[in-house]
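Chain nomenclature is as follows: A, B, C, D, E and F, assigned in order of appearance, with residue numbering initiated at 1 for each chain independently.
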Amino acid sequence: MTGKAIVPLIEYEMADDAVRAVYDDIMQTRKVDWINNFWKVLAHDPALLKRTWETLRDVMAPGALDPLVKEMIYIAVSATNGCEYCTYSHTAAARSKGLSEAQLMELLAVVGMANETNRLANGLRPPIDVQFEPHG
Amino acid sequence: MTGKAIVPLIEYEMADDAVRAVYDDIMQTRKVDWINNFWKVLAHDPALLKRTWETLRDVMAPGALDPLVKEMIYIAVSATNGCEYCTYSHTAAARSKGLSEAQLMELLAVVGMANETNRLANGLRPPIDVQFEPHG
Amino acid sequence: MTGKAIVPLIEYEMADDAVRAVYDDIMQTRKVDWINNFWKVLAHDPALLKRTWETLRDVMAPGALDPLVKEMIYIAVSATNGCEYCTYSHTAAARSKGLSEAQLMELLAVVGMANETNRLANGLRPPIDVQFEPHG
Amino acid sequence: MTGKAIVPLIEYEMADDAVRAVYDDIMQTRKVDWINNFWKVLAHDPALLKRTWETLRDVMAPGALDPLVKEMIYIAVSATNGCEYCTYSHTAAARSKGLSEAQLMELLAVVGMANETNRLANGLRPPIDVQFEPHG
Amino acid sequence: MTGKAIVPLIEYEMADDAVRAVYDDIMQTRKVDWINNFWKVLAHDPALLKRTWETLRDVMAPGALDPLVKEMIYIAVSATNGCEYCTYSHTAAARSKGLSEAQLMELLAVVGMANETNRLANGLRPPIDVQFEPHG
Amino acid sequence: MTGKAIVPLIEYEMADDAVRAVYDDIMQTRKVDWINNFWKVLAHDPALLKRTWETLRDVMAPGALDPLVKEMIYIAVSATNGCEYCTYSHTAAARSKGLSEAQLMELLAVVGMANETNRLANGLRPPIDVQFEPHG
């Protein structure tokens, strides 16, 4: 409603060296020349900024899962939690990694369905089938 | 804590024709010879059972996204919401579709991270960057 | 998993007068001769016990809405949040006030649907239509 | 913050026949001459649009529960999840079905109370009373 | 998006005596000369207004916990739930009680971390260690 | 319901060196001679284990906030999210850091209250007061 963040945005110009080092790494890793507002508010705690960025960078990197799949999982969580900022930013990120309109719509259809059946299960409380029990 | 569902499980033997038709379709589609408890509680409302199953079947089918990716999204939502039954059942389903241990761990790392940054954004309320605004 | 509450249950026999007065009012209001475990854990803070019970008693009493409708709303919230204890206790309460199996299933169908469309709206972020803006 | 949806709104004029058929059914069922934005974003996936609308239409129709009670349950879930669009749209819908100010306030009092006691139960973890165990 | 509340704000001038009595107590207790909008919407149900205010006043008063700690807990819950109004209002309240920028950032770091590990636990479902079982 | 974790527990004896190094640090930091199950499931991804532990260790250490206050915030989030494992483990941790029964009950009273008013605000959508807007 108010467009104001809870803490002022720390722009590159006013940032100290520790913050600038993270900003530089963000721009280099993402091959962009700007910093999005999420990091500019986190920068009030340089240790939190550095840790959060480095974890995000590592967690979202290619691994057993494809980066686009990871962005889709991020959108799924953000839509489930109703985080507005995260929905806009991660949908933009997913699109820049190739997410098509058809994939976005299908992703959200799964998210909607999962949120529905989660509550049917919560309300009716079926016991977990022995066939679903993990082995080992 | 109690292992009892909120409504009794409707087994195939006691089910009426409308319910059996859905049960049959579930077993055929999934190529299994048993019905999991989620459907046995939904069966108290045959229309709800039929609609939920048919939607799930269609939403989870191959499309713009791969069925394994869809199962991963299901797990992401279920872990975010804390739905115990759904976590066990969809992790089992994902494994039967080829989810590896490494993929599961990486998926949950993204889910954890997204839940964390969703709350950092909720608590600090950065404005949405113009660069993230959707086009068109 | 463990069946143990975070704090011991305070039974009527060991309760002090302030707690017993609330327990007595619960049993009288509900016309039962036992106290459910929720109150027995709250009793560790007699002021919290008293305030929570009195608010619940007043909020759930007949008013602009019927008590059964109120129990259904309670179930809807509890299933949405995934509160196991609350789902069992309020479904039992609703049944004792006349909730039929058909009504329960229909209620949960609405709960599931609302949880689904909440996330479709969260993920796609349609602007609020001027027609939906409150008057006055 | 941004007023822009994640995907552009599909207006009736630009919609293809499959989408128009759903739009027509929405307007006829609701006896209105306009389509709200939720459907205009879903229309990017005509199958999702059709399925979601038809399920909503059927789930919200008179049955074991009254349509106004169903709208109240929708509001309860939407307020619990914090879905802004859904809160405005379903409160408007409930009002058009006769929801009074007194009923709305009482509904929200129950929603608030349920969200409170859900967390007291989550934090103190009382075991489920045998008296609350479902029969059968 | 719309800046309009679901119900009109009830200003002091138009309030009846029951509402004014609560407004007066709010201003006196907080030593301020204005009423925030949360109470102005609750005022549509004077009993709900009175009960909610009195509970808040008592729950947030000094006791076993310090009022600033209580405001931090309020922020933690509000950021977890994504309540925008509550995040702005309780962060302002905490600041007026002395919350520093460093404390706010550290608080949100804990909130983020807890939201992350909650989902890692939800997704992997470790059994509760016997060492964590409550005594007594 | 099933007591089985989604992945097998990795005990110290079967752990590789990378995992043992984390387990050793956990035991040394906490001055205990056992590892709780949360880490034994995370150990399937040694990088995730190491990162999560090191972040938790640093975030929960004394700083601008007291470690007991941080544990209380952890409980507040876990009860809000309904995470059973986290509620038992962090209540045990808080108790070992000195949390009294009176403090626990008061903490949960605030958590309950915040969850309640979050939904009253979500349902009634009061605009954010200019007085609550952050400065700077």
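Heads up, the rule we're going with is that a residue touches a chain if its C-beta (ideal position, glycine included) is under 8 Å from a C-beta of that chain, and two chains touch if they have at least 3 such contacts.
Just so you know, these numbers come straight off a predicted model, no measurement behind them.
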Length of the shortest touching-chain route, chain C through to chain F: 1
Chain located farthest away, centre of chain D as origin (C-alpha): F
Chain whose average C-alpha position is farthest from chain C's own: A
Between chain B and its twin chain C, rotation from the CA superposition, multiple of 5 degrees: 120
Where chain D and chain F are represented by their mean Cα positions, the distance between them in whole Å: 33
Centre distance in Å when chain C and chain E are each reduced to the mean of their C-alpha atoms: 20
Chain B and chain F, separation of their C-alpha mean positions in angstrom: 26
Contacts with two or more other chains, residues of chain C listed in rising order: 1-7, 52, 55, 78, 80-85, 87-88, 91, 102, 105-109, 111-113, 115-118, 120, 122-125, 127-128, 133-134
Touch-based graph of the chains, sorted into line, ring, star, complete or other: complete
Residues of chain A that touch chain F when the two form their complex: 1-2, 4-8, 47, 51, 55, 58, 127-128, 133-134, 136
For the chain C and chain B complex, residues of the former touching the latter: 3, 82, 84-85, 87-88, 91, 101-102, 104-106, 108-109, 112
Interfacial residue positions of chain C with respect to chain A in the complex: 75, 78-80, 82, 84, 87-88, 91, 107-108, 111-113, 115-120, 122-125
Chain E-facing residues of chain F, complex: 3-7, 9, 34, 36-38, 40-42, 52, 55-56, 59-60, 63-65, 69-70, 72-74, 76-78, 80-81, 83-86, 88-92, 100, 102-103, 105-107, 109-111, 113-118, 120-129, 131-134
Contact set on chain E toward chain D in their complex: 1-2, 6-7, 44-45, 48, 52, 81-83
